[in-house]
Amino acid sequence: MSNNFQELAVSLAAIAKGFHGRGWLLGTSGNLSAVVQREPLRLAMSPSGIDKGELTPDQLLSIDENARIVSDHAGKPSDESLLHIRIVKQRGAGAVLHTHSIWNTIFSDLYASEGGVKIEGYEMLKGLEGVRTHEHSEWLPIIDNSQDMPALAELVDQTLKENPAAHGFLLRRHGLYSWGDTLAQAKRHIEILEFLLETMGRTSLIRRTM
Amino acid sequence: MSNNFQELAVSLAAIAKGFHGRGWLLGTSGNLSAVVQREPLRLAMSPSGIDKGELTPDQLLSIDENARIVSDHAGKPSDESLLHIRIVKQRGAGAVLHTHSIWNTIFSDLYASEGGVKIEGYEMLKGLEGVRTHEHSEWLPIIDNSQDMPALAELVDQTLKENPAAHGFLLRRHGLYSWGDTLAQAKRHIEILEFLLETMGRTSLIRRTM
Amino acid sequence: MSNNFQELAVSLAAIAKGFHGRGWLLGTSGNLSAVVQREPLRLAMSPSGIDKGELTPDQLLSIDENARIVSDHAGKPSDESLLHIRIVKQRGAGAVLHTHSIWNTIFSDLYASEGGVKIEGYEMLKGLEGVRTHEHSEWLPIIDNSQDMPALAELVDQTLKENPAAHGFLLRRHGLYSWGDTLAQAKRHIEILEFLLETMGRTSLIRRTM
Amino acid sequence: MSNNFQELAVSLAAIAKGFHGRGWLLGTSGNLSAVVQREPLRLAMSPSGIDKGELTPDQLLSIDENARIVSDHAGKPSDESLLHIRIVKQRGAGAVLHTHSIWNTIFSDLYASEGGVKIEGYEMLKGLEGVRTHEHSEWLPIIDNSQDMPALAELVDQTLKENPAAHGFLLRRHGLYSWGDTLAQAKRHIEILEFLLETMGRTSLIRRTM
């Protein structure tokens, strides 16, 4: 394993532990990856079925662009590795994070018929890469959930192409995907989108009572 | 004590601390067990009246199939040990966890007249053992609360027989029981069911405001 | 300082840190005490104006039955020491804890006109000392807030006499007091009452949406 | 660097970590400062674009009254340094903290048309410097958000002059600013204001259901 892999694995495990603590990766849900090298593509990928609060760096798997394990690890990469790979290729992302939070699940469900969630006018949006002002409008597309991973990867690919400015997307009644040039940027994007969804949800609740 | 007991005791204490931190075992509520051996049955069982945030491995008790202490510990096993034993026998479970969370208490109360809670269509359901798709429908039966433990154990037994596919059940205004082949699986099931109940509750709240 | 004082001070600091983490003692609010000896009365008391998340055992003050410092500490005991002393004398309590949580503040306000909050039918009630069944009805009296500590201490005294079975009381728009024979029991009572108030509040919210 | 700077940097990093844990500084949002010396003015200032959960003392920057870095650090001070400097000068503050919490964002939005939020009648208000009774009325002004920092600094200056008793202010759909004579006092003020906004918001929600 390269030094790069080891460093990324340590960071991925730390982020997994933190997000699990916030309730965003309960029940072995969610997955995390980071690009170790581009040519040929190698990703450090979280294994399937592991408690994210107890994920250790040595459990991270090295996979290729077909989601096959290239190291001699015994684990099984996450079922959703194909989605990570597609995002990495489409966006040139250096890391992809996928959370199952209560608030992203709620929004992915209640806004499904509208095809996405519009987030605008919040200072917090400035933390999304390339955004310079709170007067930004972010469209978070919602994709129907499916167990057919190759088909879902195609839908993700299409959605990314149709929404070139999007910093993330929701899978219906499933969760949130976001990414970044670096792992730190991907973590920042997840925190921002989770924050904004919860803020919008609670604002909607309280607005009616005032 | 066998090595197996020691390892399970360490894991049970760690889970107790984590769940207490999440507010699922406040005020010495809730209890945890894991099967040490089957023939004759020996369970590592949490003691009664102990702060779960400070439970230490040496406080775990070894009990037999009649909930009698078989080690020379001074403690008293949880009053609900009989329920754990019944679940272990009926389901062949390797571990049983019982939480008192705010959201499981709410659902156990508001859905009591319907006899249970139906959870369906969430990706998170795939984390329940044997479930392969989000298009699963999980029925979480609700049992009336009682202080008559042998009678309650009979009701639990009957409920488990009537709902062979259930991964857990609620006691009304009391809490959630779930289990697993292993302790890790039981923890996963609790996290998933707690997540889904809170998600459904908050979705119900917000749906009216949009 | 007696060994007893040192041990209690360590436990008080640990409880303060934990409750501050849960948001029950923000902004230097709340206070904690434990009886070191009865004749003459000596309490280990939290100092005024200290961040409870950073309270250290050596900051605890030893006070007498008139809330005067008897050790050579430089600190100032909490303004509400007189209330602690009154509870200790009236109830024979070994420890008194006072929290400012969001949910106890809400209930102390919304139920003020009814003079108290009735909590009944929850399994969690069994964790209150002397309660044997969930079919218990707990009355949590609400006392109007005041900055006149001697007068407030009299009101507390009267309320305790009128409600001999109460395990705690609320000060309006201020917070919750509970106590116990031991510090562990007082902590248990606070956790239970906080849990039940939040559960009742959230149940009330969600009931209308189902 | 002076000893004073080092001590303040350690405290600022600890507060950042704690507030990030509470979800008040997600996604590299928010910023923190403390006065190292008055003549000439030197502030220890959090850098731009850093994860506040991982901020280390050596990342704090020393800036002058024009928000220029005076140490040989490589970082970039927060864009909002001008606001911190204005508050320090106007109020004689020793520390300024700025959080992006869900509840302060909600209030900054829903009360914008009223120009501020009135908070009154809570015991918790006594924790604000100079407040002696819960019968205090605190006015938290709301200022429209802007990316023009010099203009926003002027608006902040004017708002502080018009509200000489205010302990903080909100930027619309952006966040909360508070300050104190010391860093500990500033932290106390933030905790109190965050607590009170959340309490008022949840009270408003639940009042309609009772």
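As written, the chain order gives the labels A, B, C and D, with residue 1 at the start of each chain.
One rule holds for everything that comes next: contacts are C-beta pairs under 8 Å (C-beta built on N, C-alpha and C of every residue); 3 or more make two chains touch, one makes a residue touch a chain.
What you are looking at is a predicted structure, and each value in this text was computed from that prediction instead of being measured.
Q: Which chains make contact with subunit A and with subunit D at once?
A: Chains touching both subunit A and subunit D: none.
Q: Do subunit B and subunit C face each other with the same patch, meaning over half of the contact numbers show up on both, or with different patches?
A: Different: fewer than half of the residue numbers at the subunit B-subunit C interface appear in both copies.
Q: Write the angle of the rotation needed to overlay subunit A on subunit B, where the fit uses Cα atoms and the result is rounded to the nearest 5°.
A: Going from subunit A to subunit B via C-alpha fit gives 90 degrees.
Q: Just how far, in Å, is the C-alpha centre of subunit D from the one of subunit C?
A: So the centroids are 30 Å from each other.
Q: So the centre of each chain is just the mean of its C-alpha atoms; given that, what is the distance between subunit A and subunit C in Å?
A: Result: the chain centres lie 43 Å from each other.
Q: Taking each residue of subunit A in turn, which ones touch at least two of the other chains?
A: 205, 207
Q: Mapping chain-to-chain touches, which pattern fits: line, ring, star, complete or other?
A: Graph shape, chains as nodes and touching pairs as edges: a ring.
Q: Can you list every touching chain pair?
A: Pairs of chains that touch one another: A-B, A-D, B-C, C-D.
Q: State the interface residues of subunit B toward subunit C in the complex, per the touch definition above.
A: 23, 26-29, 51, 53, 100, 102-103, 105-106, 109-110, 145, 147, 171, 173-175, 201, 204-205, 207-208
Q: Using the touch definition from the top, list the residues of subunit A that touch subunit D in their complex.
A: Those in contact with subunit D are residues 18, 22, 121-124, 127, 132-134, 184, 187-189, 191-192, 194-195, 198-199, 202-203, 205-207, 209-210.
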